[in-house]
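Same chain, two partners: subunit A is paired with subunit B first, then with subunit C.
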Partner chain A sequence: MLRSNIKTTQEDLLEKIQQTEDVVFKELFTKVESIKVFYIKTLSDEAQIQNYIIKPFYEIESPTLFLDYLKSHPKVKPFENEEKTLNQLLVGEVIVFFQAKIFLFDLKMDRQSSVLDTTVETTIQGPQSGFSESIGTNLGLVRQRYPQASLNMESSSIGKVSKTKVITLYDNKTVNQEVLKKVREFLETIDIEMFQSGEQLLDLIKKSQRALFPLMLITERADRVAINLAAGKVVLLVNGSPFAVILPTVMKDFMSSMADIYQTYWVGCFFITLRYIGLFISIVLPSIYVALTAYNPEVFRVQLALSIAGSRSTVPYPAFIEVFFMLIMMELLTEASIRLPKAIGPTATTVGGLILGQAATEAGLVSNIMIIIVSAVAISNFVVPVNNFGAAIRVVKYLLLVLSIFYGLVGVVIGFLLLVSYLVSLESFGKPFLTISEKKPAQN
Partner chain B sequence: MKLKRNWVMYLIVGMVVISSLSGCGGYKDIDKRFFVVAIGIDAAKSHTKKYLISLKFAIPSVEKKPNDFIIVSEEADTMAEAVRIIKTKVDKEVDFSHAKVVVFNEKIVQKKMEPHLIYWFSRRRDIQKILWTVIGRPTALEVLKTKPKFEQIPSNSMFLALGKEGTETPYIFGEYLFDFKKRLIEKGLDPFMPIIEVKKGLLVINTAGLFNKKRLKMVLTPEQTKLLYYIFNSEQKSAIKVKSRKLYFIIDTQKIKSSYKMDTSNPNHSIIKTKIKIKGRLEEAMFSPKNSELPAYEKLAEKDIDKQVKNLLLKLQKANLDPIGFGLYYRARHFQNNDWKTWQHIYPNLTFEVHTDVHIEDTGLIE
Partner chain C sequence: MNRYLLYLLLVNMLTNIVVYVPKILIDYKYDGAVSAILIAIPIGLFLCIVFCKSISAFPEQGLPEILDQLLNRKIKNIILFIFSGFWYFAGFLTLIGFTDIINRFINPEMSKVSLAVLFAIATCFIIQLPTEKVMYIVEIILVLNVPFVFFIVFKALTNEYFSWNSVFEVGTHLFSWPSFKALSAATYTFSGYMNVLIMNRLFRQKIKGINFIVIGFLSIFNMFTTFFIPIGFHGADGAQEYLYPWTTTADCLRIPYGPIERVIFLFLMLYIGITVVSAAIHWHVAFEFLKGASSKKFTKKKALLILIIFSCATIISEMKITAVQTMFLSTYWLILRFIFEICVVTFVFFLARRKKNET
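So, the complex of A and B:
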């Protein structure tokens, strides 16, 4: 490359980037040579620049030796084109102009490399730390847990504006090639401006870009990623997000927690059964209550029918308004407890849950039985280990509730049937959503 | 846009289809329903009407004050009429979905029973077919009015006893409506109903009334009732009293199993062999029993029970009643067109053989 070419590249780059405070363009001189460094100081590590560029430049006397140093340094990439160089500059690499050459020195500052504790998918035992917000650290965590030579990765960037780095991880030995192909296609077709975290993919997977049920598992646990890699799944790591995306994901994955494998077999089985019971309760209990009290009280035992009738006798509104009122209150409480500062969160839930429930019954707004039902629904909803799926379930119960108001028990049954048929129609990268058992991938 | 319209169309069509499925009964809150727990049928006092129908409504407990009820009665010729008039007397919708007992006055069933009375229960959607049918003494209304002190929910003591959820005794056998109706129609299987008697504020159930296809024909004694239920295989827990000249003891049973076989190869001399197997232990004895003597006690008990059961069967045969269903048993195994007629000839001339096998496990004490 000619010196004049470098000059123009250098000028072009300087022209394209806004001259802000943190953009550094500096020329260093010795007696014989000069070097130009170009970087953004808020993104690059200045201490490392000092160590890797400035010190050697002054210490290595011969310019040819310094050129060799630059050429052979593992963190250095050669110049390809202007466009790419600008992009690299914007993510924190240092551009070095030396003699007639341009080098890209990878001296990014890793600000979010500290490993976070798991907060969403907590387990009592087993590993307690999750991912960090730095893709490099995350990759390291996965590598550490999955020391296989066959671990392969493909890098891509998503987002027209954000240009977020996404790494597709899979095990060459176990991965299903068709799934991999579909994932690649999917990543290519994504049309979005700002891509910040893997959760955004949940909607993008649908043509309408509007989804109810998640078809990918978003996890913050490195052990979960490792176990899924071994099972032949594809993992996406997104820069800046402490969550990894696991594909393809079916319902039983959403219902399993990492705690299951850290328990003895039968205890694990019991927990899984418990979760399915919880899932069923949180979907149908409110609608069953309306259907039974307002349409088919003969299903109750006479003793229970009378006590429900007794506890409802002070309630002025029909059962479905009572149910809606309490469910909405409960949803507000759940929603509020996420927003509230951690310090007052528990207080607010106690005040809201206990006192509001108690007062509502005493004021005759809702019946005692209703309080039991609402709390049962609320508690069992959080038994679902994956948050995205639990949230979808929270929405679904209202559909059944509406059907039960108009059509009673038949409505609940039909609604449940519709729900199941919808779930049957879903698929995640070629895998039916309601897959019950999967074959272990063959080690090919 | 086309896709969207399709979606709305599907929704509307779906709603219409589902609404056609919703069946009877619209939205009615549980507190706007008045639950009938028991129905009583007596003869009307006036001569213009036939029946006095009483409905026992449970009043839901608001402030932990259980066992509150109200009985509303009405004279009418039919059930439906009475219910329509009673509906005008209460503020909430009358709901029969928890009506679990219908009590007939003995006098009503002694006369020729009108089928529409029974079929009304079967026809109504909201009356469950597991309704118990019983005979009430002295009147049905009196049975409904009785409120034992231990009863927490109206008529619950009747439900617990008839359903054997509570007390377990060989003297009670709850007869369901569906079974009663079947017995009313089926040739070779005659209806029966347990009898509930009001005695000193308590409800006593230990006898049964046997019907032919039209009316109450015979009332059994408590002991006979118990033996009949042995043949129904209804209860394992029982006590059998054995009395001879010297010995007097009571067996607490753990297992009672009965079966019968019919031998009609000789048309003039048909035999029904009934086998009853009883397992138990001595509960009380008026003497000092010995383990070595147990076979002798067993023999004594066997002889005693053989005789009693045979007497009961002969009594039923004499009255031409068949609550056990020997006729149905015969008809199920003989495929001629005139099987019912043949059976009617066979039954009066049947010979009964009863073989009881009593096994006393121990004397209940260490010698």
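So, the complex of A and C:
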């Protein structure tokens, strides 16, 4: 490249970037040569710039030797075009102008590299730390747990403005090529300005494929990622987010917790069964209550029917209003306890849950049995180990409830049937959502 | 073993119990129902075997694809239209009959029409899915429901009020000349294999002999439960008093220590799933036939139109038809279906021959 070309590139770059106080453009001189460095000091590591660029520049005497040093340094990339250079500058690389050459020196500062404790998917035993918010550290964590030569990765950037780095990880030996192709296509079609975390992908699925249930698993656990890589799944790591995305995901992945494999086999089975029972209860119980009190009290034994009717005797309105009232109160309580600062959280739930429930029954607004049902629903909903899936279940129970209001018991059964058919119709990157058993991936 | 074939037959056998077949058989209990059942088993099994063997000449192909190769367009479309009418009617009768049962036994205060709307919507949601997914749903519903159905049958057979004398009394009419109506009703047990015309798309391997042995045993068991259990409970003469003998029989049972004491609720709740799935299989086949007959690209709008026609026809006729009329309709439909089934089997048999000759 000619010196004049460099001059124009340099001027262009300077022109395009706003001259704020953290933009540094400096020329360093020795007797023979001069070098120009261009970087943003809030993004780049100045100590490293001192070590890797400035010191060698003054210590290496001949300019040709320094040029060789720049060319052969592993952190240095050659100049490609202006556009790319500007982008790299904006993520923290240092641009070095030396003689008739331009180099990009990767001296980014990694501020969020500390590994965080798991807070969402906690287990009693097993590894306790999750990912960090830095993609490099996360990649390292995965590599550490998955030391396989066949581990492959593809880097891409998503987001027109944010240009977030996303790494697609998979094991070449076990990955399903069709799934991989679909994942690539999916990543290419994403059209968004700000992309900051893997969870956003849930929302970004194309309109025609919008689903109530999440079709990818978001996890903060490196052990979960490693185990899924071995099972032939594709993992997306997003820069700046301590959550990884696992694709494709089927329902049984949502119902399994990492704790299952840190137990003896039968205990693990018991826990899984327990979760499915919880799932069933939280979906069906409110609508069953409406169906049985308002439509078909004769289904149960007479004693039970009478005791339900007796407990409802003070309640002045139909069963479905009672159920709606309590369910909405419960949802509000859950939402509020997420938003509240940690110090006030327990107080709010106590006030809401205990006192409100007690007072509501005493005032004759809801029946005692209703309180039992609402709390059973709330508790069993939290048994679902993955948060996104639990949230979907929270919504589903209302659909069943509406059917039971209009059709009673028949509505509940048909609603459940419809739910099953809907789940069957879902697919996560080509894999049926209700897949129960998966064959061990063939080694390609 | 080909499990999808088994599911198709099993669903048919199970729906068999609940809607019209027991009533027709019990009406002819002294006039040739027993002998008709005994003849129906070899006839049904024979048709089933011939059909399955012939269609395995076309692996992974449904009827529309098969006709595409062997016949010209117009004849193909006419055949597909007639076929889809038959299948639609099968699902239609099941739905109409079952909404009547639900109306009588679970929700007597609700209008039948609004029940029909619910059932039609549920069925339509299932039928527009790909064939493979329809079979997944069938599988899930069967796995969830069949153990309980067997539990109910077990409960019925071990019940102290089950009168074996009545069963034997009806059994003594074994040698009366078989009635054609009863015969056509009894062969309906096997009719599930006809859906293979579309579901064959999923069959990769040839159907093995063991399937037919299993089917044979299941059908004997099914005929016995369909026909004799109501007789055992209500007596040889009492059983014919009811429009839905099996549902009333389920109401005779109780589980004294279970949370649900009256078995009829358990029975009907299980059967809501089974009947919807059964109607969905029939309508899915009808839907796929129409899809195959449509000349240009099959758009979403066309699919929606078919679904609307399917469900509206059901809902409107639910307003007009009485239970007795449906009973009458289904008796003659069963006869027509029996003849139609023989024709279809012969037709497929010759198609398979033609294909073999060509290659």
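One rule holds for everything that comes next: the second predicted complex is superposed on the first by the 439 of 444 C-alpha atoms of A that agree within 3 Å, B and C clash if a C-alpha of one lies under 4 Å from a C-alpha of the other, contacts with A are read in each partner's own complex, and residues count from 1 in each chain.
Operating definition for what follows: a contact is a pair of C-beta atoms (placed from the backbone, for glycine too) under 8 Å apart; a residue touches a chain by one contact, two chains touch by 3 or more.
Here the structure is a predicted model, which means the values were calculated and not measured.
Engineer: Scan A:410 for contacts with subunit B and subunit C and give back first, second, both or neither.
Structural biologist: both
Engineer: After lining up the shared chain so the two structures overlap, which partner does A:434 touch, if you call subunit B first and subunit C second: first, second, both or neither?
Structural biologist: So A:434 only meets subunit C here.
Engineer: State whether A:295 touches subunit B only (first), subunit C only (second), both chains, or neither.
Structural biologist: Both partners.
Engineer: Which partner does A:421 reach: the first (subunit B), the second (subunit C), both, or neither?
Structural biologist: second
Engineer: Where does A:69 make contact in the superposed view: on subunit B (first), on subunit C (second), on both, or on neither?
Structural biologist: neither
Engineer: List the residues of subunit A that touch subunit B in one complex and subunit C in the other.
Structural biologist: 295-296, 298, 403, 406-408, 410-411, 414
Engineer: In the complex, go through subunit A and note every residue touching subunit B.
Structural biologist: It is residues 293-298, 302-303, 305-310, 312-315, 318-319, 403, 405-408, 410-411, 414 of subunit A that touch subunit B.
Engineer: Applying the document's contact rule, which stretches of subunit C touch subunit A when the two form their complex?
Structural biologist: Within the complex, subunit C touches subunit A at residues 102, 106-107, 110, 114-115, 118-119, 122, 125-126, 129, 133, 136-137, 140-141, 259-262, 265, 269, 272-273, 276-277.
Engineer: Using the touch rule from the top, collect the residues of subunit A that touch subunit C in their complex.
Structural biologist: Going by the criterion above, the answer is residues 295-296, 298-301, 403, 406-411, 413-414, 417-418, 420-422, 424-425, 432, 434.
Engineer: If we count contacts the way the header does, which residues on subunit B are in touch with subunit A in the complex?
Structural biologist: Per the stated touch rule, the residues are 15, 18-19, 21-23, 25, 27-31, 33, 35, 37, 58, 60-62, 95, 97-98, 100, 126, 128, 153, 156, 159.
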